[in-house]
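Look at the two complexes coming up: chain A is in both, with chain B in one and chain C in the other.
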Partner chain A sequence: MAIKKIAFIVEKLPYKSETSRLALTHAIASQTVEIHLEDGDNVEPVLAFVGDGVLNCLKNQKALEVYGVSSLEAHVKNALLLDLRVLVCKEDLEGFGLTEDSIVMDAEEIGGEVTTQVVPYEEIQQDLESADHLMFF
Partner chain B sequence: MRLAVFVSEYREPEMLERLKAEKLGIVLVQNGVYHAALKKDGNVSPVLSKDVEYYALSEDLQSRGFSDSDVVDSKVKVINYDGLVDLIFNDYEKTIWL
Partner chain C sequence: MADLKSIEPAATLDVLGRVCPYPLVLTKKKLEKLNSGEVLKVISDAQASVEDSIPKYCEKHGCEMETVKLEDKGYWEIYIQKK
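Then we have the complex of A and B:
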């Protein structure tokens, strides 16, 4: 049985468009539903936030109160709850003057065990190279 | 002309440089609020470099994980939806979206 690795790379901002939400939804769906590309194939998703995309991971988003839609913060937590590999580009986070404290690092309160990994872009590049499919959002 | 300009993207609209008005207000909404809340590589957004009135919408800041006090430049006034309505009706004659 072959594993197909799909990298979901988010480089867009949240809310103005649905783009980054779609990325999270697809990544989560590919983790939770047994997707068979071909008979016997399984999917291993990895979710990476780069460029402006790192801002999807900011804490304290109040989208539910203001817009009546679930926040991207909640989606990131759901991804962690489902043991998805979540990577955030270190350089881009620092470029905005943000630290690990400013972004969603864990989903402990809902029972998540894996944490977000803040990594240099080089590491994300390695994931892109090892993935079978790249999806840019 | 008293003109209020809505900026809803996190990029500098080209048209912003050209606009002339006796009173110009830049209202940062939606993704435009990132101009008010973030520095990129330590620098304040070029959108904030003008000598005009600046406003940022509190609801859009909060949706994105910022609080009203996160605004990086003191010349940006944080307003809510009600304040925005007052602004459009009382302080400006025309509004445009960039």
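Then we have the complex of A and C:
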């Protein structure tokens, strides 16, 4: 019986590859794996956006009209809807001249109850150190 | 087995248009807020969730479950009683 903490770290820009979309899909899907595990076993995901990856969280993405695909913004909102811990690196966000107003901080309009946490990298690093598995995207 | 659909649901969850894994995860989240013995009604058109993942979850957690397929509407109503 164990809870395995898995950190999904998104470092890549959104679009033109499936990389960050895969991170979100896997993080969200990890919420269902308990049905295939032994009693008491489960997965605790944490989703961290660092470096260029913080741009996946931008508001008002025009993915459908530019690339003809669904928006990463919508996937971030879905992660919040499902109560995933979503962390965004404060320093990297500031490096792009962005603030919390520029990114998806909640998913209230679809019933989400948790919010994005913009935190110093040091806090993200603590999460990475306490994780059983790290997955970089 | 109890006739769950005859019991007034404590909550209803509409996940029409959402595909796996959302119906299961949103069902889990809703069930966590219910008290033991209360019934959750889930409305879903995601066949894989209705026939596979949600039943597996209910079995694992000892919840009674009853599914009604509404052929004319193209979706299912799932009644789940929290253990």
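The working rule: the second predicted complex is superposed on the first by the 129 of 137 C-alpha atoms of A that agree within 3 Å, B and C clash if a C-alpha of one lies under 4 Å from a C-alpha of the other, contacts with A are read in each partner's own complex, and residues count from 1 in each chain.
Rule of thumb we're sticking to: contacts are C-beta pairs under 8 Å (C-beta built on N, C-alpha and C of every residue); 3 or more make two chains touch, one makes a residue touch a chain.
All figures in this text were calculated on a predicted structure; none of them were measured in a lab.
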| item | value |
| --- | --- |
| Which superposed partner A:116 touches (first chain B, second chain C, both, neither) | neither |
| Which of chain B and chain C A:39 touches, first, second, both or neither | second |
| More chain A residues in contact [chain B versus chain C] | B |
| Contacts of A:95 with chain B and chain C, given as first, second, both or neither | first |
| First, second, both or neither for A:62, with chain B first and chain C second | first |
| Chain B versus chain C as contact partner of A:29, first or second or both or neither | second |
| Touched partner set for A:15, first chain B, second chain C, both or neither | first |
| Chain B contact footprint on chain A (complex, rising order) | 13-16, 52, 55, 58-63, 65-67, 71, 73, 95-97, 102 |
| Chain C residues touching chain A - in the complex, by the definition given at the top | 20-22, 24-26, 28-29, 53, 56-57, 60 |
| Chain A residues within the chain C interface of the complex | 28-29, 31-32, 34-36, 39, 78, 81-83 |
| Sites on chain B touched by chain A in the complex | 8-10, 30-31, 34, 38-42, 59-60, 62-67 |
